[in-house]
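Common to both upcoming complexes is subunit A, partnered first by subunit B, then by subunit C.
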Partner chain A sequence: MTQLGVHDATADSGEVEKDILRFLEAQTKRSWDPRVDLFAAGGLSSLFAMQLVVHLEQTHGISIRGADLRLDNFRTVASMVALVYRLRGAAGASGA
Partner chain B sequence: MPDGLAAARVLLTDLVGDRAESWDRTGLLPRELLVRLGAAGYLCPQVATAHGGLGWDSAEDGEFTAHVGSLCSSLRSIMTSQGMAAWTIDRLGTEQQRSGLLTRLTGGELAAVAFSEPQAGSDLSAITTRIVRDGDSVVVDGIKTWSTAAAYADIVVVVGILGDGGAGAVVVPTREPGVQVERIADPLGCRAAGHADIRLTRVRLPATSLLGGGGQFLPLLVTTALAYGRMSVAWGCVGILRACLAAAGAHARSREQFGRPLGSHQLVARHLADLLMAEQAATRACEHASRCWDEGSADQVLATVLAKHVSATQAARGSAIAVQVLASAATRDGHMVARAYRDAKCMEIIEGSNEMCQLLLADHVLATK
Partner chain C sequence: MHLKTEAQPGTPGGQRIAVVGAGVMGVGIATLALVRGLPVLLVDVDEARLDDARARIAAELRMAQLMGRHSADAATGVLETATTAGGVAERTVVIEATTEDPRIKAKVIAELSAAVRPGTPLVSNTSSIPIDELASFAERPEEVVGTHFMNPPYLIPTVEVIRGVRTGEDTMAALGRSLAALGQQPIVVKDAPGFVTSRVLHPMINDAARIVQEGTASVEAVDTLMENCLGHRTGPLRTADLIGIDNLVDSLRVLFERTGDEGCRPCELLLEKVRLGQHGRKSGRGFYEYTN
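Moving on to the complex of A and B:
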């Protein structure tokens, strides 16, 4: 990957984090730490996990399927950012 | 209305004809009809054309599902199961699994999905069916109950817990050694939908039968799979309401008591207004949810639960009203309105009972409002 590509990716993941935090805040009327476990006791419901899946797909042009529907990918904002970045890379690599 | 949808509706009206009553009374749908509809892609119309499907969107699929639901809820239930199996394979499967399995589901093979167990109904976190990896194989053990369409199915998508953590959905051919499918006798409603219990005893399958390699988050897996089923049930209930509305309207116009048509008696007229309101409320809730699906909006998740709950409760209420309007004319087994009454009640239980839907909706309020 070129230097420019790395730079773009970093700026980009900042945007993804901001988007997810915005979505969480808008949906739950509270602010979230990017590293907090969203689904721990007192956290979000399984229905909300599904809303996150659809939101990430719609907003970031990715498709979250198969083995990626693991809890670890949605546990924190940081893990969702990593997921979006990885799937975008995969889509780019396959020419999608 | 798109041409394909209009033609499909005419074909189904023709194929069902006046046979829904005898299907209900015998508890059996003709297998050749199901295979024919499956091979034409009509049992899971949202599957992409690349996989042999019709590539319909949720709104088209919904209108078609409502039409089939207005004719025969047992047949509509078969569509719900096949569509839910296809949706689960589409979301959970690898590209290779998708292209292989979806082509079979649009090629005449019949499918069901198995979630419920004797001790895991509304509480699916209590599922005990085990899927254990063993080299190139997986071994499945468990008991599933009330799996709709399983009595007809060639393959069943079985949801279980993986031996090494997380959940999984495994595609089980019903002809495999160790698979016993036992039809449930005389269900209250959707009597010909082929509800069955499934006993899985050391069923050994290729590891490629496990969708997406397994390890998914159980609540997410279940919510994903149920989402299609909820939309399908919701639209099916719209169909039940449309059929009831037509039957009640016709009866209230033609039947006379006290020297004038039933509809001119105010207490009966009110029933007709209530029935229209039920049909319209359910239709609007379903249209909204389908629009959310087709736009890829995150609102689809809540809208789906809402549509399912609104439609099922309105169908149960509306069909009871229709029985009241038709009175003795509808109080015999097999009559369209009697079927609607029994079928609609079951829709308040399946794919998330009224109470589970209410809890999900209330959770949403508590978390977001």
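Moving on to the complex of A and C:
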């Protein structure tokens, strides 16, 4: 990976984080810390996780399948950002 | 975390499930069986509804996987669909999950009773209709029994089972084998309008909606109080969205007509949601909005 690639990814992850926070805020009418466990007590219903999956797939052009489709990947905004970045990277690599 | 051993294929106990009615609960019960590796025949008179159901089952299977109830490499049962009930003769259990309307369910029970092999449990999945009312329409009332699966069934491994006054021992035993194959723990109760869960829960949801209607508190405030102060896993109004507000109103009407309990008379806000087509999660909007 080139230095340019690293730089792009960092800028990109900032946008992804902003998008997820915006989506969460719109859906839940409250703000969230990127590192808080969304599904811990007092947080979101686990059924909401599927809405996050669909949103990430539709907004960020990724397909979340196989072992990636597990709740732990959606527990925090930070873990979702990492997943989006990783799957985008994998798609780029497989397309190269 | 992954339940590969529980979701092994091979139709445990030779179970072959038929589900009649491709609404929310029909799709949920079918998904449960498929996750458990069981073959499913899903019957609905409407071909377009079956097309939609296949897509929704695919989405529900993803949900099951997301929640650790189905592993990506575990075999899923084979799904067949049909617009007529003829195929139920080859099934070990038939579960009707049609609209919560006593007239519709009575007609379906009569048709299915003529189509199943004698000795097959004929299960009505209902949230409130007394089972013995429905059994009267069957050729063999002793084969009719009730279940009340929670939504989504593949995430909630306990099911309310309703034994009607005429339900036979053999039917109870056969249903027990089917539920074991589905990984469900049955809690058997006697027959009454709303049984246990709906008789307790539905008037409470009605009250929660009435509180919002009267302006005492917002939807979010009601749910947050019930969740954070009283420890409910899901607040009553989000639960209403999950049940389907149209189904909830149908169920409340059944309860009100049979008990006379004013607390079961659907409040105006629930009726308005139904009029506006805001049926909850399945329609994208109820008390909350949903993106899928």
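Structure notes:
Definition applied: the second predicted complex is superposed on the first by the 95 of 96 C-alpha atoms of A that agree within 3 Å, B and C clash if a C-alpha of one lies under 4 Å from a C-alpha of the other, contacts with A are read in each partner's own complex, and residues count from 1 in each chain.
As a convention for this text, a residue touches a chain if its C-beta (ideal position, glycine included) is under 8 Å from a C-beta of that chain, and two chains touch if they have at least 3 such contacts.
Being a predicted model, the structure only gives us computed values, none of them experimental.
In this superposed model built on subunit A, subunit B and subunit C take up the same space, so to speak, and clash. Once the two complexes are laid over each other on the shared chain, residue contacts for A:21 go to neither subunit B nor subunit C. By the touch criterion defined above, A:54 reaches both subunit B and subunit C. In the superposition on chain A, A:78 makes contact with neither subunit B nor subunit C. Comparing the listed stretches 130-138, 202-210, 238-246 or 256-264 of subunit C against subunit B after superposition, the clashing one is 238-246. Common to the subunit B and subunit C contact sets on subunit A are residues 27, 29, 45-47, 49-51, 53-55, 65-67, 69-71, 74.
Of all the residues in subunit A, the ones that touch subunit C in their complex are 27, 29, 42, 45-47, 49-51, 53-55, 65-67, 69-71, 74. If you check the complex, the residues on subunit A that touch subunit B are 23, 27-29, 44-55, 57-58, 65-71, 74. Of all residues in subunit B, those touching subunit A in their complex are 90-94, 166, 211-217, 219-224, 227, 296-298, 300-302, 305, 360, 363-364, 367-369. Residue ranges on subunit C touching subunit A, taken from their complex, read 1, 59, 62-63, 65-68, 72, 152, 220, 227-228, 233-234, 238, 242, 281, 289-292.
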